[in-house]
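Structures follow.
Okay, so chain A shows up in both of these, paired with chain B first and chain C after.
This part shows the complex of A and B:
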């Protein structure tokens, strides 16, 4: 097992390096330049666009050949220097250290919320199949899957912040991360991000549970006189949860890369999603490459974790 | 007797209390308004500043952020009258227009308590802004053509509070560049001189810890994509007599969308933000919100491609006039901008002191908004019409129906509506328009940048009259800005060698007028006004672009904010704003 993990980690580093190299080169070969966004401002000041472009590119070393820029970047990276973000005027490392927590808390809470409620409701709906509870859960999950998180976020703000005044219209970074006020103000963003996932988990859990409930081992367990709680909780759920883990881990990857971004935008949460989105529009290469690299490692780590969780959930699975 | 004494005592005490109360009330009335609360300004993420180390900035927001903590030499009120800030008196210019003498106040201090001197300003110019190692973005402002060579102006220290700037050539609008000057503290900057990396990362410059008493607020915190927090500066040099500024904190809060930002204003979570035209009526009905509609520096244009890869008709003045005549500007201002814009006829905004309403050709507004007249102009230019059912179709020189390609960027409802209206208006004079939406970098690279075919020229926005863009196009819809006090900066668009003259407009008379405005002849303000009038006339007659609308902005404030003077520069006295 240990050699398997080491091998996977080595592969991860190689894959991440490949993705980083491709991102680095594509960004510089792309049609845009950091100066594009200033053109109208430069023009409004009656300036020569070309001289401003040259000044900016020279200052940040963007006028050098790509290969030279690449080796300089790699050299710095190996020394732990992620570069300088010219669109935020701080080091990329500082930028990430400051902002990751805002994304992390949102994704963590939304995922916990979606798993706990989604799996719980899914189990309930399966056990109470074809009852009012099952129908209500199905309707709820259809609505949850259909509503875009962006729109739901706006509606939650309009109702709970503007009309009822229970919350602020935006996320307030003045509150300490571990304070109750912070948890309270995360309620709406967590709902906006988590409802869609929750609805999905509800559907998957219900259908996986129903699949397993019909299997012979359940009949045997019941025939042996095991209490229903044990049958459901120990035998059915454990078998149903395996495909669910794949889906949850896959979702986690997509939330990290995109889903949380829209929620961050709507609620004004200054997380990594916003940082990377703004960096893309500003052609802030150092930030884009760093965030891509972190995202790549996260997804690779999530994949590895999924594989390892399988071995725990299903002892028949072994990696050599 | 005792009762009488008691009565007298009661009366006297009562009178004393009343007098004391009156005195207290009078004193409070005389005292400066109490400082309290946080003023929260909403902005959308795209408007976030990039750096507080202003010499490295290319965006306008960065200069705005720094401006809260660091006053320039002077600024302007809503009537464009100069309001002195760090200057002790207005700039003196020698009669030949070559030497500018600047005298700063003697009570300006850096954070270490040392005096801000003329040496700091001259050092900032000579050693930082004019240096090769730092590559200041706007160095063009400080350069002139002398004997065919581009040279910097010459700053020199006279004494602690006075310095001069000497030019070799006359440029009457150079004074506006001077008013915007802000200094770096020499005692800190020398530590980083020559090392661009160290200067870029210098802590003192990135947290504005050097600003002393130079601004109404002091830097407190900047969390990127979230908020920029400033705290009241009790030492502010302009607040000594009146206690300004009157907010404990000034916060710029970033929002991901304007919808949420406006919801925050509605909920009272923020104090001020811009309001989109479609929401103005709703906010105007709210008792807690005051909405001010003010002119801006912005205008929208339709640029006609007069280069060789555009429709050949666009190279004729009459054709361009005909097209502009067919597009109804009043419909655009009323139906698309909902009244928050006015028809435009010139690159000089109507709010500018240099605007001359009587010289411009008012195409697109009755009586010069006339489709029949437009069609006649096209016929006079040598084009013929053919019938297709009930419809007249304009034929090109090759006898085929004229079809124009309009390129613009997606993402704005206003641009989308304008594009559709333009398509409809030109269809009415027999011209089909295809609208193509491309992203901004693509618009810049494929359509605006150009080079001479068959050469290895590096693409630029104006590579001369023979240059063409990679993709063909006929029209583009864009938004521009003009400095109302120095509109000659627009030469970048309209002069033959203008760096952003991507549409290929070349006119000797226009070049001469731009040159004259920036020469000794322009020193006389009346003369300059006439020149601007003539320039606006020539450009509006030539119609290299259709100036469509001057835009107006709507600013929404919580109604308890007092001291606001609505106008084009309504923020000029923001340090006097207060809650009531």
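This part shows the complex of A and C:
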């Protein structure tokens, strides 16, 4: 077991290194230099742009060949130095420390929302199979899977913020992160981000519950005269959550990179998605590589954690 | 319809699948909408006016049947007059903030979405099938290398990569199609690999090996035909994701500036939510209906191809 974990960790580091390299090279191939944005201000003041550019590029080693820059960057990274963000004039580490919490909170709340409602509705649909409730749940899940999250976000803003005026049309950063006001203004983003995941969980829970409802041990449990509540809660649900754990964990990876990214942009939430988005447009390669790396490690860690949780949930599974 | 009859009594296999598909009403509706949209995408632009033609005299015209109040501030008198503007039949779905005809733009968007969806999915499924079958068939180190490569691709933050590449190489339809196609094959590769692995051990493969069939013959005559239904279902169900990815890219401003897609309309529409709601609503509804249709159709196809599914 321990050697398995060590093997996986080494493997994760290699993957992360590969992704870091690809991202670094891609961004440095770009048409503009990371100091371009920085220099705009100087040009406005009428100073000699070229000499300033050369000075900055020399100061940060951007005039050296790309291979040398790459090794310098990697060396710094290994020493815990994440580099400098030119477009925001602060260190990448500071930038991440200030902004990660917004992404984390959004993803956390959306995931909780999706799991609670999705699993609940899925159970209900399975227990009431082939009734109107079941059909309604199935149509709802099709809609949830098919609706583009960023468009749903726009529609929510339009209806609830622009026309009804229940919410602000912008994200107010003056509230403390975990205050009630802040969580209230996250209601729409959480809905826009969570609905797709919710629909997915609903479908999986329903089909997993139905699979298990047909099993012999359920008939046995019922024949023993156990109350239906115990049959569903103890026998069916416990067996049904196993595949659900993988699906939720796997989804988390796609939520982190796809949905949350767009949701942050639509609602103007200053999380890491927004930060990396702005950084790409400013050619601020250190920020993009850092955010990509963090995300990659997160996904790899989630994958490993899923496999380990599995051995706990299902003792029949053993890793060599 | 044919209850009691053996499933394939003299019928061609395709007829059998078609019959099974038709029993799922939603999937027929989905297929119908996809066909309709394809016709609109192919022939619509011939009849529709130029979607990029601007006319500021008729900007923000609501759809037929809707009206908006427009306030005009008269600079000479200092009075503001409010007039009610109704939608006009020559612009049945209204116009956007630059006076472009919404209907023409939506038709152009249908063409772009389907084009990108089909081409990118085609590339992805072709690569996925090739890598999946090759990996399962070769085994050993080839399998190992290909699957580790697939792992790396799967871990790569897909959308970030998309944004990065499109930003660096410039937003053009060709780049968008290529990037989505070249990065979207991983799921297909894994699924087809595992399916091929299980088919490989079947008796008919062993038999044809014993008869002296070459590897290529086994691959193209036995393995690929047997995973073909899986490939078709996967392709249908991955088109919506591609269409959404293209729309999302255009929405955040990385769409091809030479063409009008639903995402680019949404991009303009997000700035006029208070003055011209229809600009953000209409392309979103089209996007939603298209994705929904492909999902309905793909779901029906999967059941039709699955002999164990009771329909």
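What we mean here is this: the second predicted complex is superposed on the first by the 288 of 320 C-alpha atoms of A that agree within 3 Å, B and C clash if a C-alpha of one lies under 4 Å from a C-alpha of the other, contacts with A are read in each partner's own complex, and residues count from 1 in each chain.
FYI, a residue touches a chain if its C-beta (ideal position, glycine included) is under 8 Å from a C-beta of that chain, and two chains touch if they have at least 3 such contacts.
Treat the numbers as computed from the prediction; the structure is a model and nothing was measured.
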Which of chain B and chain C A:65 touches, first, second, both or neither:
neither
Touch test for A:86: chain B only (first), chain C only (second), both, or neither?
first
Using the superposition described at the top, determine whether chain B or chain C touches more residues of chain A.
B
Based on the superposed arrangement, let me know which partner A:265 touches: chain B (first), chain C (second), both, or neither?
both
Tell me the contact category for A:157 with respect to chain B and chain C: first, second, both or neither.
both
Classify the contacts of A:99 with the two partner chains as first (chain B alone), second (chain C alone), both, or neither.
first
Taking the superposition on A as described, I'd like to know which of chain B and chain C A:292 touches: first, second, both or neither.
second
First (chain B), second (chain C), both or neither touched by A:315:
neither
Check whether A:176 is in contact with chain B, with chain C, with both or with neither, and answer first, second, both or neither.
neither
List the residues of chain A that touch chain B in one complex and chain C in the other.
30-31, 154, 157-158, 162, 265-266, 281
If we count contacts the way the header does, which residues on chain A are in touch with chain B in the complex?
30-33, 35-52, 54-56, 58-59, 84, 86-91, 95, 98-99, 154, 157-158, 161-162, 165, 168-170, 173, 264-268, 270, 274-275, 278, 281-282
Mind pulling up the chain B residues that touch chain A in the complex?
45-46, 48, 50-53, 56, 58-60, 134-141, 196-197, 200-201, 206, 223-227, 253-257, 259-260, 263-264, 266-267, 269, 297, 440-442, 444-446, 460-461, 479-483, 486, 488-493, 499-500
Under the definition above, what is the set of chain C residues touching chain A in their complex?
151-152, 155-160, 163-165, 167-168, 240, 244, 247-248, 251-252, 266, 269-270, 273-274, 277, 280-281, 284, 287-288, 291-292, 295-296
So in the complex, the part of chain A that touches chain C is made up of which residues?
15, 18-19, 22-23, 26-27, 29-31, 142-143, 145-148, 150-151, 154-155, 157-158, 162, 254, 256-258, 261-262, 265-266, 276-277, 280-281, 288, 291-292, 295-296, 299-300
